[in-house]
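Below is one structure; the comments refer to it alone.
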Amino acid sequence: MIKYPDVQGTKPDIPMAIQKVGVKGVLYPIIIRRGEREIHLYSTIDVFVDVPASRKGADLSRTIEAIENVTDQPAKVSGVEFLAEDIAEKVLSKFPYSTRSEVHLEADYFSERSPEDGKKHMVKYRIISRSVASKDSSVTSIGIIVHGINACPCAMETTRAMTGEEFPLEGDILAKIPSITHNQRNTVTVVIQTDRAHQLEIDDLIDIAEKPVNGPLVSVLKRRDEGELVYKAHKNPKFVEDIVREVAESIAISYPDFPEDYGVEITSESDESIHPHNAFAKVHSTFGELRKSLKS
Amino acid sequence: MIKYPDVQGTKPDIPMAIQKVGVKGVLYPIIIRRGEREIHLYSTIDVFVDVPASRKGADLSRTIEAIENVTDQPAKVSGVEFLAEDIAEKVLSKFPYSTRSEVHLEADYFSERSPEDGKKHMVKYRIISRSVASKDSSVTSIGIIVHGINACPCAMETTRAMTGEEFPLEGDILAKIPSITHNQRNTVTVVIQTDRAHQLEIDDLIDIAEKPVNGPLVSVLKRRDEGELVYKAHKNPKFVEDIVREVAESIAISYPDFPEDYGVEITSESDESIHPHNAFAKVHSTFGELRKSLKS
Amino acid sequence: MIKYPDVQGTKPDIPMAIQKVGVKGVLYPIIIRRGEREIHLYSTIDVFVDVPASRKGADLSRTIEAIENVTDQPAKVSGVEFLAEDIAEKVLSKFPYSTRSEVHLEADYFSERSPEDGKKHMVKYRIISRSVASKDSSVTSIGIIVHGINACPCAMETTRAMTGEEFPLEGDILAKIPSITHNQRNTVTVVIQTDRAHQLEIDDLIDIAEKPVNGPLVSVLKRRDEGELVYKAHKNPKFVEDIVREVAESIAISYPDFPEDYGVEITSESDESIHPHNAFAKVHSTFGELRKSLKS
Amino acid sequence: MIKYPDVQGTKPDIPMAIQKVGVKGVLYPIIIRRGEREIHLYSTIDVFVDVPASRKGADLSRTIEAIENVTDQPAKVSGVEFLAEDIAEKVLSKFPYSTRSEVHLEADYFSERSPEDGKKHMVKYRIISRSVASKDSSVTSIGIIVHGINACPCAMETTRAMTGEEFPLEGDILAKIPSITHNQRNTVTVVIQTDRAHQLEIDDLIDIAEKPVNGPLVSVLKRRDEGELVYKAHKNPKFVEDIVREVAESIAISYPDFPEDYGVEITSESDESIHPHNAFAKVHSTFGELRKSLKS
C-alpha cells in the first residue's frame, strides 16, 4: 500500500505556535438514552486544539473521529450536560502534540412542555455545551437559549399618565388596571460552569431561564390562554436588566453548592417592537459574586 | 497573444435548454444623482439569462460587465426605480444567444425621516428592483421593505373582558380605554409593477407601506414620543390581514392611472411576541382586481 | 364560562379577499415510522389559507392544530413525501371559509451514507415538502437540497494552456493529466411534482441530486479518500449548467411514468472560490419538456 | 409640561450590578471625510454600559444620542479607525452612573482595488471597530474581514502521488507541475489593538490580510486572469495554519513600534469544498509574543 505524504507533520516556514486549529460547523445527530427516554439532538460542533511552532498543521480528521467515538454508543454518553467534555477529552487523547482542546456544541432540542393551559406542546430550545480540556483538568459549561415575552415597564407608566390625561377618572382605577405598553420576543441565554461533582439538569435550567419572560412560548393558544399570557406579561413588566437579575437570583438560590469561583453568564435580548434595534443586558459573574449581591 | 479555449461555447453533452443561468449575490455600490441629492445604495444583484440547448454555458463575466456599464455613470442612471430594467436590457444586448434576461436587485437605503417628534432620524430600508427583459419588452417592478409595530385586536378584546372580570367598573370606561394586548415588530413588503410611463417615487411607497404599521420605527424616542407610539398602535390594533388590506387600498387610490393588469404584491409578517412563529398575510393581485374590490 | 369576542369573524373595514393568510416558521419535530426504521425530522412549517372579503381574519391557531393532528400518530403518517399534502388537506377541513390551503415544509434529515471508502457517515440533508390543496385536488411536490463539489472546466483548459507554456512537454501528456482549476461547494436543489399514484423515495432523489457533484460530502476523509474525491471532481469538471442538465436527464430516465405536465425544478449554485459571488443555473420545466429535449 | 415617571432611575427589586446593558444592532450610515475622499460606511453598532446595583435600568436612548453626536459632523470624525473609541467616550460622558462603556461597530465598506489585471474593481470588506472606555483610559481595536481563496497542500501531494501511479512519467515533471487539489473561499479576519499614538490605515490592513489568500477576490475575471489566479493559488497551497502565520508575521514586521502587550487576533476559515464543515485557525496573541516567535 502506498503511503501518502504527511504534509501536516512537516516543519512550517514560520515557526509560530497557534492557539486554536480545528473544524467549525460539524453537523451531527446525537442520541442520548436516559432510562426509557431518548433525546435526539441535531447538533453543530466546533473542535479546536493548539498546534506547536514545530508543526505545519493539525490532523483535522481526528477531531471528527473523536466526535464519532464519543457519540456512537448513545447509552454510554454521560449526559447532554457533559457531551462537550466527553468529546474534548477524547480529542486531547488523539493529539499528542497538543496541550489543550476546546469543544463548542450547540443543538436543537425539542422538549414537551405544559404551560398553564394543561395541554402538552413541543417547544424547541437550543442547548449549549462547552469544554476546554488540558492534560490535568477540564473547564466545562452547560447552557440554554430560551424565548419568552417581556413588556416594558417604562412605556407602561408613560401611557398610564397619558390615559389619565384623556380619561380623568376618579380614584386610583388607572393605577390598578394594567396599562398598555410595548412588548416583544425576548431571548434569554444562560451558561453555567459545571463539573461531574456539581451537576444540573438541562430541563431545570430551561425553567429558570423561561420564568422571568413568561415562557414557554408555544404555537397554539386558545383565546383565554392568549389573554392570560398577555395579562401575566403586563402584570410583571420587565426591562432586560430585571430579567437577568431575576435569572441570576434564581440560579444562586437553585445551586447553593456550586463553587464560589464558577462562572455564570446570563443575557437577555429584547426585540424592541418600537425600535429597529434590540435592548440587551448581560450578567457576567461568578457564583461567589452573585451570592454576595443577594446578601447585601 | 495566446487564445484560451472557449469552453462555454462548445456543444453540451446533454442538448437541453436552461431557463436561467447567471450570477447570484454580486455586491455592488451604486450612487444615483438626483439634482443635488446623492443616493448611495449598497446593493446585492442577481442576473440571469437563458441558455439554448446548443451551448454548453453562458459567459458569466458579461453579466458583471453589464452592471458596471450601467452604474459607472451615476448621473445617467435613470433612477432607483429602473435600475434592474437598465441592467436587464444591457445584459440582453451582451448575450446574442439568449432570448431573455432577468435581474433582481436589493439594496440597503438610508432615508432621513421625521416621525411626529419633529426630529430627523436616519432609517434603513430595503429597496427591491426587478426586471425581466426580452427582445421586445420588459416587465419591471419596484418594491420596498419596511418595519413597524402592530398590536393584536383579538387579544385586546379578550383582555378587556378579563379586566372587566377583575375590575367591575360602572359605565363603559373599559370600552374606551385602550386595553393591553401583544404587539411586535411587523415587516411590510410591497412590490408593484411599473414602467417608464407609469412611475412612482420610492419614498412615496415607503410612506404607504409604513402608515398601517405606525412607522417609521426609529432608534431614539423620548418618553412622551415612545408613549405616543404605543398609544397609537393600541388605538388602531391590526391583524396582518388588516395591514395588507390597508396598504392595498392606499396603493389603488394613490396610483389611479396604473394599467389594470399590472401586478401588486403586498405582504405583512408579524413577529408574534406570544408565539415562536410569525403571522403572515399576502395580497397577490392586480390593480384591476384591487379597484374592483374597493368599489364593491 | 365566559365567551371571548370572535374578532376574526367580524366584517373587515376594507372588504377585500386575501390570497394567503397563515403562519410562518412553525418549529415541529416529526417522527415517521417505516417498518423498523424511525425517521426524525426537525421541521419548519408554513401554512396558509385564503380569506374571503367578508371576513376580518383567519383562525390561525387551527393551522397548528392541523399540524398536530397529522403528526401525533407517527405510524400513520403516509410518508415524508406526503407530509405537506396530509397537513394541507387537514387544514382545509378546518377552514370552512377558505377555498385553498398551502403548506411548505422543510426539515433537517440525517441519512447514513456510504461513499466509496466503505465507511458509514451521517450526512445532513434538507427535505422539501410542498402542497396546495383545494376542495377537489392537491398539487404536491417533494424535494431535496444536497451539497457536493464541482471543478470548473473553463479555468481547467486555461491552466492547461498556461502549464504548457511553462513546461513545454513532448507528446500529449498535459492533455491527459487533470489540470488544476478552481473548485468549490455546490448546492443542488431538486423539487418534483408527485402524487400518491406517482411516488418516489427521498433517498433515491438524494442519489440523483448528489451524483453530478461528487457527493455525498462527508466530514471524515482519510488521505487516499480525499485524493480520490479531488481526482474524481477534476476528471469530470462541470459548470452549473452541466450539473442541472445531468440531474434533469437522470430524473427523466428514473421516473418514466410521471405525467407529462408534472413540474420539475432543478438548481445548482456554486460558491465560486475565485469570486465573491455565486454561479447559478436553474431548469424550470415539466417531465414532458425534459423527455422531448433528451430525444432530440 | 407633564413629567413622565423615571422608571429606570428607581431602585431595583434585586440590588445586583450588571456588567453590560445597552443596545444591539443599531443601523447607522456614517460618512467620513478624508481630504477630497468620502468614505460611506453602512454600519451596525452595539453600545453597552455597566449599571450599578442601586439602579433599575439604563437610559438606553442616550446611547443612540451619543452615536448621533459623534457622527453627525463627518468632517470631524477622527477616522474610521477610532469611530468606536469616539462613540465609547461620548457614551461614558452621558452615563454618570456607569464606570465603563463598550462599543462594537461593524460596517460594510467598498474599496476600489486593482489586482494584477490592471482594472479597477469595487470590493466589499467588513470593517471592525471596538473600544472599551473607562474614566481613565480606553482599549481600542481595529479590524478587517476579507475573502480569498486557498488550495490545500495535503490533498495536492496525495493527488501528485496518484497521478504518478496513473501516468508513470520519467524525470520529475510531476513534481514541478502544480497538482490538482481542493480549493475554496477563505475568510480572514484580523483585529489589532491600536491607539492614537499607534495608528494604522485600514487599507494597509486589507492588503496584509488578503495577500496570503490571493486576494482581492473580484467579480469580473477574464480567462487569462482567472487562470493566473488559479495558478497562483496552486503554486502556494496553504493550510489555514499557514495563512494565520503569514498574516501574523506580516503584522509583526509592518508595525514595529506597536507596544509589546498590544493584542493581535488573526483567524482564517476555509469553506472546505470537500467537506460539509469548515477548517479554522486562530492566532490569539500580543505583538510581544509574535516578535519573539519570529526571532526564534
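Structural remarks
The first chain written gets the first letter, and so on, giving A, B, C and D; residue counts start at 1 in each chain.
Heads up, the rule we're going with is that a contact is a pair of C-beta atoms (placed from the backbone, for glycine too) under 8 Å apart; a residue touches a chain by one contact, two chains touch by 3 or more.
Because the structure is a prediction, the values reported are computed rather than measured.
Of all residue numbers used at the contact between chain C and chain D, over half are used by both chains, marking a mostly same-residue interface. Farthest from chain C, judged by the mean position of CA atoms in each chain, is D. Here the spacing of chain C and chain D, counted between their Cα centres, is 35 Å.
The distance from the centre of chain A to the centre of chain C, with each centre set as the mean of the Cα atoms, comes to 31 Å. Contacts with at least two other chains are made by residues 2, 4, 23, 26-27, 124, 154, 158, 161, 219, 221, 223-224, 227, 276-277 of chain A. In terms of which chains touch, the assembly is arranged so that all chains touch all other chains.
Interface residues of chain B, counted against chain C in their complex, comprise 2, 4-5, 7-8, 12-27, 46, 48, 51, 53, 56-58, 60, 153-154, 157-158, 161, 165, 239-242, 244-246, 248-249, 269, 276-285, 290, 293-294, 296.
Only residues 2, 4, 23, 26-29, 40, 42, 61, 64-65, 68, 108, 110, 122, 124, 219-224, 227 of chain A touch chain C when the two sit together in their complex.
Interface residues of chain C facing chain D in the complex, by the touch rule stated above, are 123-124, 147, 149, 151, 154-155, 158-159, 161-163, 167, 169, 173-174, 176-185, 217-219, 221, 223-224, 226-231, 233-234, 271-277.
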